[in-house]
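After this come two complexes, each holding subunit A, first together with subunit B and then together with subunit C.
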Partner chain A sequence: MGAGALSIDQVVQSVPDGATVALGGIRLQRRPMALVRALAEAERRDLTVVAFLGSLDVELLLAAGCVRELHAPGVGLDPAGLAPCYRRAREEGSIRFVEWSEGLLLTSLEAAARGVPSHPAWMGVGSDLPAVNPWLAPGTDPFDGTPVMNVRALAIDVALLHVPAADGDGNLYVEGDLGADGLFARAARRTLVGFERSCPGDPARAAISRLWVDGLIEAPQGARPCGCHPTYRADLNVARRWAAGATTIEILTP
Partner chain B sequence: MPSSSSSKGNELEAADTATLMTCRLAREISDGDVVGVGLGTPLALAAALLARRTHAPGADVIVAGAVSPDADLATCLGGASALAGRTPGYAVHLVTMEMAERRAMTMQFLRPAQVDGEGNANTSAIVRDGALATRLPGGLATADVLRILPRVVLYHTDHRPRSLPERVSFRTGAGGGDGVSGTRGPVRLVTDLAVFWFGERGAELESIHPGVSLEDVQEQTGFDVPGATVGETEPPRAAELEALADLDPHALRELELRSTQARAAERLAALHG
Partner chain C sequence: MTAARSGSGAAIADLLTAELAREIAESEVSVFAVTTPASVAAALAARAVALPELVIAGGFTALDAEPIPAVSLGEAGLFTHGLPVRDWPYDTFCLLARGRVGVATAPAQLDSTGATNLSGIGPLGRPKVALPGPQGLPDNNCSPSRVWYLYGVHSPRQLVERVDMVCGAPPPSGATRRLLTPAGCFELASPGWRALWLTPGGAELVAQAPGFGIRCSGDEPIRTEPDGRFLDAVRAADPDEVRTIEFAAADEAGRRWALAAERESHRDPVGR
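What follows is the complex of A and B.
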């Protein structure tokens, strides 16, 4: 408990080949791009990547050959276009893709955060998703017999997040949609967080408590070329170039 | 027009089709509805904003975590940062999923790549002749809301046999609703050619867009469309056009039609830099 200050190199050292890594943010907002670039440059291999609604972060790890398995309800560059590496990897079968819906992934994370093996949901009943996702098992509620989807907890080694602000005690402040970041922080064994700036804050208003933060990385501009509301916006020109096929680490490096 | 329609004698220009579909979708929203809309479906977002400006001012529209922001379509498409200071409340993603499960969200628009006559929806993968043909975006929220929301309105901007097949090649979400809890699942399917409603027998034709014939619709639909006498889809009303001119002056609702999407994307890029 309690967040130590880490360098980006220390984060990379602590994420071995084969680790299961959750990436925070939602679409082009608050992706942990500085940390992801460092993992790609270090040529990490065989990662299992978990993303809620991933974008350039997942794309970069796919382009750099770091990913063995991907758990996601979708990866896209809205409003700049489709995610070319994601599409290609699935069509070529070069990675194991475990398909989730948004709500079922959140349910799985909730189970992990609570430390229970699984959690039921209404979502996905009657769908074909269990055929492609072994974390899903259709069943019936033991009390009233209604059909439910049982969702197994995903075990996550490390969650990498990026936020606009952290206070001196390690509490995190976010404006706008938190996405799945709160659940990632509570579900993962370790949560490492890049932040734009340190500032005094009211811990009662923190989006994520220091209780869930294991390491803090001072990383100004660390989400670029994605956005970090309210500090800066996503660079849609970069996202459009990537969508058009310019899938190199250079164009993602500010 | 989408290429699939140009050969069908459809006299509507694509821009008019986008406007007609937006207005038709908007009329599905009732005052008091709680509607979730994503940034990936600008035409549905235009419809939701339009409903609040016209007949359903008491509906709540949740977009990019913001609840009923006071903003036009272009601003909404800018996401959370563009909506800061313009919204009376927030409902983050996690909360909207909870709301969906307990039906506190009352309706949603979905645009799957494939819809069949039973209302099953596919956003995952197209399989042709037993082999994977195309990977689609993925599960998204389709499996979450299709069956469990009180009402889901499906739409498709490229009505052709492979978009509306007899059977979807992967059921990302199951149609038909949930008999136990009484949800209805998909209630309407609005395409660039026609409007269907879903009853006990599945999809049935409700209206056909101006300039489209019954034969056009039958020819372009993979599931069975029995011959029936149905009316023409009601054209946009004056009040709807007036409201649309104000809330979507750049016609970004055209982002989802194949023949207009490139130019609409240029207009969006010019606005957002």
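What follows is the complex of A and C.
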């Protein structure tokens, strides 16, 4: 059994100042909001945050001053609008923002998961991304000379995920889009997962194997105000209020 | 129609969504990756009218999904009704690389070479106006797969001579890129874009974005109404007209968005 039961306080202790933290979920779905709120309340500082397509989770950590560096292909509150803290941070240059494409970030995570220093990709060739992302190096394939993007592995200390269900062994069950969670779990040194409910074990249907799970936190409603399909939907009115400038931890607390 | 969004945008939403559906149906794509509610409605309509085998995909791991064109869904809302998620997050990218997928997007900037930008307006790495980020644009544009750009407005703010940041590079030779706007339908054909058909007044809208450099021969057909079969199918797929939010003026879009959000709050999590 790979996964032990943890409290949210133990999760906070696992994420020291300066850590590199990956946040699971995609857009307004399955964000690990309960865990992120705890990090914000603990006033963590100088975090490097990695998000596939971030939303209120990244926003909260930015609003709380926890972030030194952000790696993401994008952050937004669609359909509620643009993400105000993210926009401000980029326009003011108050954080280091490392821009990825979706495919290139997945390639970087795959390199980390496979234990190689870099991995070639076909995505992003000819773009300006290498000018704003030192993890990317344009090159050519050594065999046939095809232009490629060489993508450096991104080292992640802790991945924080949230899923609708976990079984007693720590296998994770997800419906809908898994986003990058499977690769986050493989690439990170530790993967800690909030879950809505326990379920009977059926490893063949698991989205993520217990082999990649280091700790489980029972956290019902733990993605709110984001959604956790199929258990509950995102609260679009909260997202809209946040987009309009109500950027306080209180409105993100169920 | 004017260069700016006006009113409800319902008529142009119907025209462009139905035309996107027709384009999908006439294309050779076997998979369509949905992004926005309008693209969901178009894909469902294409499948209903002409392509019963069309696979609708979205996000990164949910192939063969049964999406619902609801406001909170879009690309991340692939409600698969119990389909177990595969553990391999590369499906969309494998399909893109093999040229097997079609996708519709709306970057903040699209330029005369087919390059795209959704990162920011202003200097590279220090934008004056920060936008969501590159997202999948660098991936789509490099691929031989078919990409449609769907805009609710034909504006020189979005259709520019050169993007501020090249998120998506100009596509490879031979890759099909089409643009649907209230001015008409256009295709990237080296060099630049050429008109395939125009709406009434479309030529005037084209002239308002001169840097984008669309070539019009003067002989383009004028399209006034969408294909009725596809329009009926779009309306059946999206009876709540969520698609119109993407095309409406800001105030009206906000009102419709609020109504849709309120409606969804009374539905169960899988949209029934």
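Here is the rule we go by: the second predicted complex is superposed on the first by the 253 of 254 C-alpha atoms of A that agree within 3 Å, B and C clash if a C-alpha of one lies under 4 Å from a C-alpha of the other, contacts with A are read in each partner's own complex, and residues count from 1 in each chain.
Note that a residue touches a chain if its C-beta (ideal position, glycine included) is under 8 Å from a C-beta of that chain, and two chains touch if they have at least 3 such contacts.
Here the structure is a predicted model, which is why all the values come from computation and not from measurement.
After superposition onto subunit A, partners subunit B and subunit C are found to clash with each other.
Looking at the superposition, the partner that touches the larger set of subunit A residues, subunit B or subunit C, turns out to be C.
By the touch criterion defined above, A:T20 lies against neither subunit B nor subunit C after alignment on the C-alpha atoms of chain A.
In the superposition on chain A, contact is made by A:A180 with both subunit B and subunit C.
Of the two partner chains placed by superposition, subunit B and subunit C are both touched by A:L129.
When the two complexes are overlaid on their common chain A, residue A:T191 makes contact with neither subunit B nor subunit C. Once chain A of one complex is fitted onto chain A of the other, the partner contacts of A:N171 are absent, as it touches neither subunit B nor subunit C. By the touch criterion defined above, A:N150 lies against neither subunit B nor subunit C after alignment on the C-alpha atoms of chain A. Contacts of A:I208 after superposition on the shared chain: subunit C is touched, whereas subunit B is not.
On subunit A, the patch touched by subunit B and the patch touched by subunit C overlap at residues 26-29, 72-76, 78-79, 82, 87, 90-91, 99-104, 106, 122-129, 132, 175-180, 182-183, 227, 229-230, 233, 236-237, 240. Subunit A makes touch with subunit C in their complex at residues 26-29, 53, 72-76, 78-79, 82-83, 86-88, 90-91, 93, 99-104, 106, 122-129, 131-132, 173-183, 205-209, 227, 229-234, 236-237, 240.
If you check the complex, the residues on subunit B that touch subunit A are 39-40, 42, 64-65, 77, 79-81, 84, 90, 92-94, 97, 100-101, 124-125, 132, 134-135, 137-145, 147-148, 170-174, 176, 178, 180-181, 255, 265, 268-269, 272-273.
Listing the residues of subunit C that touch subunit A in their complex gives 58-62, 71-72, 74-90, 93, 96-97, 118-120, 124-139, 141-143, 165-170, 245, 257-258, 261, 264-265, 267, 269-270.
By the touch criterion given at the top, residues 26-29, 52, 72-76, 78-79, 82, 87, 90-91, 99-104, 106, 121-129, 132, 146-147, 175-180, 182-183, 227, 229-230, 233, 236-237, 240 of subunit A touch subunit B in their complex.
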